[in-house]
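Next, two complexes with chain A in common: one pairs it with chain B, the other with chain C.
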Partner chain A sequence: MTGTVLAFRDVTLTFETEEGSVKALNGVDLDIPTGKILGVVGESGSGKSVLALSTLGLVPTPPGRYGQRSSIIFDGKDLLRIGEKELELVRGTGISMIFQEPMSSLNPVFKVGEQIAEAVRLRILRKELKQTRSVSLLESVRGVKGIDEDRVREEVLEVLRDVRISDPEDALDRYPHEFSGGMKQRVMIAMALAAKPSLLIADEPTTSLDVTTQAQILSLVKDLVLEFEVSVLFISHDLSVVSEVADEIAVMYAGRIIETNDVRSIFRDPKHPYTKGLLNAEPRLEETRKSLESLAGSVPSLLRIPGGCAFHPRCPYVFPRCEREVPALLPVGTSGEVACHLYHGEKE
Partner chain B sequence: MFDQRNLIPPFVKQWYATMKLVRRQRLSYFGAVVAVVFVVISAVEGVFGAAILPYNPITSRGVPDLPPSILQWPPNLSHIFGTDPLGRDLFSQVVAAFPLDAEVAFTVIISAVLIGVWLGTMAGYEGGKLDQLIMRITDVFIAFPGIILALAIAATLGPSLIHSMEALIVVWWPKYTRLARGEALTVKSRPYVEAARAAGRSSSGIMLRHIVPNIISPIIIYATLDIGNVILNTSVLAYLGLGAQYPTPELGRMVFDFQSQLFLQPWLVLVPAMAILLIVLGFNLLGDGLRDALDPRSSRVIAAQSSAGQEGA
Partner chain C sequence: MSDGSEVLRVKELRKYFDLGVSRLDRFLGGEKEKRFVRAVDGVSLTISKEETLGLVGESGSGKSTVARCILGLIPPTSGRILFEGMDVANLKGRQRRLLRRKMQVVFQDPAGSLDPSMRARDIIAEPLVATSGPPRRQVDEAVERMMELVGLAQEYANRFPHEFSGGQKQRIGIARALITSPEFVVLDEPTSALDASIQAQVLNLLRDLKRNLSLTSLFITHNMKVVSFMSDRIAVMYLGKIAEIGTRDEVITEPFHPYTKMLIASIPKTDPDNRFTESEEGRRIMEQGKEAPSPVNPPSGCVFHPRCPYAMAKCKVSEPKMTKVSPTRSVACYLYGDSETASRAM
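Showing the complex of A and B:
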């Protein structure tokens, strides 16, 4: 096991609503390994997007509230304990994010080149000039003292080439509405990478794209990870998408990580009954099955998470202990960890 | 920094599409023409001064070829609107009043937009206590009937053109604060604002770079249709003696000065009054047209915008 870029430690996040408190994250422990792609899979409402937002301090608090013992360690700092000013320094230059909707994640009134240039300038300002402020409006028009605009332009072109945009010279001066969805997502990736972050968070980056574009973006992400030596937290509800890019997979259910393993092992030998169910619900090319099996029941409301193992009402292997005790995420077999009583302790 | 090929930003294209629609409606087109003529005359006069007028609006006396003992003339060939009791050409006075009213109107609107956008964006984007504070202060100003507040301020400061302008700014900014706040609230929840936050921009940077450019178009359009109202209110203040002072020609002031002549030489009152009417009507018709053109439910808008989009692409 190599180093860890970012570590979630017992992260609990509760939203106080009028109907009661919603536990969006329920004691998440997760390490993002350096230089690898960690895929997080889960159904809607399993807490995966909130997990992504919490790394950047983008969850509004209140109504959100983190647990007393929760911490998210990045670069020796606990992101849940540092102030807004310090968070601004981590955002962009330390951790970058690619969002779900490339269509609306670009500002419609600025040229694409200018938006990427903004990220480049911010990086130079912070990492090379060691200034902690951000670029002012006047400076983004006139240029920042100490930053060579020709160099900025060169870097913008380079990063556009890196995300395989044909004719980057032309792309610079276009407005977002002149691009297709796939192109916009490439631009978003270019913006995120222009800041040369050590961690890239991709929150369902291919959801709104068609399958062909999706495949292109996925292989692009994979290539860029090697090129930029960046670690990735890749979030998706789609197992096949995650299996395409990820080195390791973490499965989330009702705000908890229930199984982690490397991609091959998780597909060959899923441990948790939920993971098994998910895999059985995926169509496969090599097998001809009459019909796909589906998981019985549906995701529990986060207002009323079942006691014990949250999956027990839907689990085919359920036994009394599951209703009483929350299973811990513990190592099992040669690799991976699972949170299931089937593998740890007596079954009684 | 980048090459200037695709220089036209989207909001200019949007304006162009809007103006095309305005042209299709006759009344709005008329309004637009009046507004443009008013602005052009004011600008030309602002540059060249009263020298371009047929007579000096303040010092001209009587009619050269007619008996000098009679100063006041009804409309005739050399004075199309006649002269006032002091023998000054009424047409020259009315036209000389245009740049003054334009100056007041634009100063008031621009100041109100600047203050309103600044406060409204802060209130809308930052939210919380700051929002409450700004909006409650705004509410207090809106709670006063505008013209009465303006009168009170102008009267307290003492009658002069500058003071009436200041009074109108005080009355005018709250509308724009509300408008800007509402728009900022909408734009705030757009993904690109969250993306900018995720990319480490400071909140002032996000407001200036992402919020303001995206809320400015509706505000500019609203401001356009508001110019007529400012001119009307300037005239009201002047009519009540709180605006420009004698002998500065100002439309409202002229109505006030000549109202004693209403039944003897009605043109003295009617001409400046009609000028006010025409200008205010012009801006309001233009504003109506703009509002219609920008109503997203109108099918004409969709057609014009898609054709503008094709031209732009």
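Showing the complex of A and C:
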């Protein structure tokens, strides 16, 4: 049956700044199901990207500070409490990440083949030779002791074929600037998969791409999940993009998960007023509404999150309890969870 | 709706950017071939009074360059832009100021297009002060009226741009564009930098303004859903050329040009039961795997032929002309009419 590849438990994250405490995450509980694509949707400032960075220990502490009871459980370990050495083992072997901008995530002075080979060598070093030492990119270009370079080259070619790059032999010797945006993102995905991770984190992987290229990359990600049996945390600000790829969806607002459900239920029967608002705010191609239903106000600053339910100042159904009490994320209906007083307990 | 009288006419507009001779070629002293980016390559369109024409295309299609030429911000390489019969490129002095008052623009990045050292009221007033310089009280009244129009509270008038949210900044940008009561407004990706819930607010505002003020506008975006919501007519651009132009219903519900079809098929659908990634068209786009080529060396013949699933032999050698296929729609594609009817339609 389906299990959980990674679990966030009561994750709170605060950044101390000159202007005060920025509460980026405020008690996130979320399971990433094994072998599925979990889409996390939120507008800017919802905390979705910092959630992704947390899984790889990429949030600098300080200035960031996790809560006492926060934990991120992966492979039986709490990623917030293991040392840098152990994190190194997780990064690029257990969990890989694809970022939004492929142009700034690839090293411009190394050939594409060398950059993918680095990921392959690291995996062999970590998983097969059980070495935890770090390897500089330069060292890995020259070759690492105990690693068969012919095998590395074969694996690089294979993973380039996996991401449907038509002439992998030719691609090996090219530099990132010689590729288009979509091709660069394919290379990024190839690097991430070369590590054979059990969890792939994709942070807005198609946001900087044109719509026809986006379509190609989304289809590719879906195919690869089946081929590689990898679980995916897919982060996006765009509900429609997530609806194309995700099996399950979590909606974030002001550093909290406010609704989760399988993708069909979220779109057919959204529960939280914010989720409803987001769905109705989206212009649709086929219809000709006179005006879009828009949510009033804007996303709150993480410096000054409203008390009670963080959404209450914008909510059309607000009642007094919402201003006092933070709603817990509780089961609703047959499959989902929602954090809203409309569904749980007395209205007054 | 439009009463049919023409406000803007763009005729065979071309804008090439000179890349010069590459340094390597100059060093080698060999062939010194000049290279050009053909950003806009023969675009013709008209916009009638009280009409919104949506100009949609992916990055590098030339849509923003068209806008900059229309606004007179850059001179065209060739072709003409006639605004109320005047040639925009050749205006000087007083006439140019008059044009500025009649033609305004809202830019994509609300943060980058507002002067951070100016107060909201001065930003909004600036086009009015710069083009006609009415007395102070009149300016103040106009600013108040504009702020009310775009839904900004009067007490915000003395704030600086950094004190506003993204959506509010864009409202300031819209108020600034409308203060001179322009006859024509260019909206260049006005909601692309905004979050979904804020985008809906600004789109609603723009729709209301269009209706209430009978605005004539050119709405530029890469987003098919947004262009479909805002436009009366839509022009689809690809690599510096218009592939198809027609009414909103024609282009959206029954696209003719294979590129328009591909664009529409590629849109994420917000419907998990009807995903493009699982559709036949989606699979084809995925398997074909090609992206738009560079406008430096555009393909021969029809610029779309390397990606076109219906490409024929003649598509590779000669360029299809814009062909009128209905009273309101023209398509540049050999699948619709031959080149003879095309030249007659021109």
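Going forward, the second predicted complex is superposed on the first by the 337 of 348 C-alpha atoms of A that agree within 3 Å, B and C clash if a C-alpha of one lies under 4 Å from a C-alpha of the other, contacts with A are read in each partner's own complex, and residues count from 1 in each chain.
One rule holds for everything that comes next: a contact is a pair of C-beta atoms (placed from the backbone, for glycine too) under 8 Å apart; a residue touches a chain by one contact, two chains touch by 3 or more.
Being a predicted model, the structure only gives us computed values, none of them experimental.
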Q. What is the contact status of A:202 with respect to chain B (first) and chain C (second): first, second, both, or neither?
A. neither
Q: Quick one: classify A:153 as touching chain B (first), chain C (second), both or neither.
A: first
Q: Tell me which partner A:56 touches in the superposition: chain B (first), chain C (second), both or neither.
A: first
Q) Is A:80 touching the first partner chain B, the second partner chain C, both, or neither of them? A) neither
(Q) Taking the superposition on A as described, I'd like to know which of chain B and chain C A:237 touches: first, second, both or neither. (A) second
Q. After lining up the shared chain so the two structures overlap, which partner does A:72 touch, if you call chain B first and chain C second: first, second, both or neither?
A. neither
Q | First (chain B), second (chain C), both or neither touched by A:93 | A | first
(Q) Taking the superposition on A as described, I'd like to know which of chain B and chain C A:250 touches: first, second, both or neither. (A) neither
Q: Would you tell me the residues on chain A in contact with chain B in one complex that are also in contact with chain C in the other?
A: none
Q | Parts of chain A lying in touch with chain C, wherever the complex brings them together | A | 43-44, 164, 166, 180-183, 210-216, 218-220, 222, 237-241, 243-245, 263-264, 267, 277-286, 289-296, 298-299
Q | Residues of chain B that touch chain A when the two form their complex | A | 1-3, 5-6, 9-11, 190-192, 194-202, 205, 208-210, 213-214, 313
Q | Complex interface listing, chain A residues touching chain B | A | 56, 58, 88-93, 96-97, 99-101, 104-111, 113-114, 117-119, 122, 133-137, 140, 143, 149, 152-153, 172-175, 177-178, 188, 191-192, 195
(Q) Quick check: in the complex, which residue numbers of chain C touch chain A? (A) 58-59, 165-168, 195-201, 203-204, 207-208, 222, 224-226, 228-229, 252-253, 262-273, 275-277, 282-283, 285-286, 289, 291-292
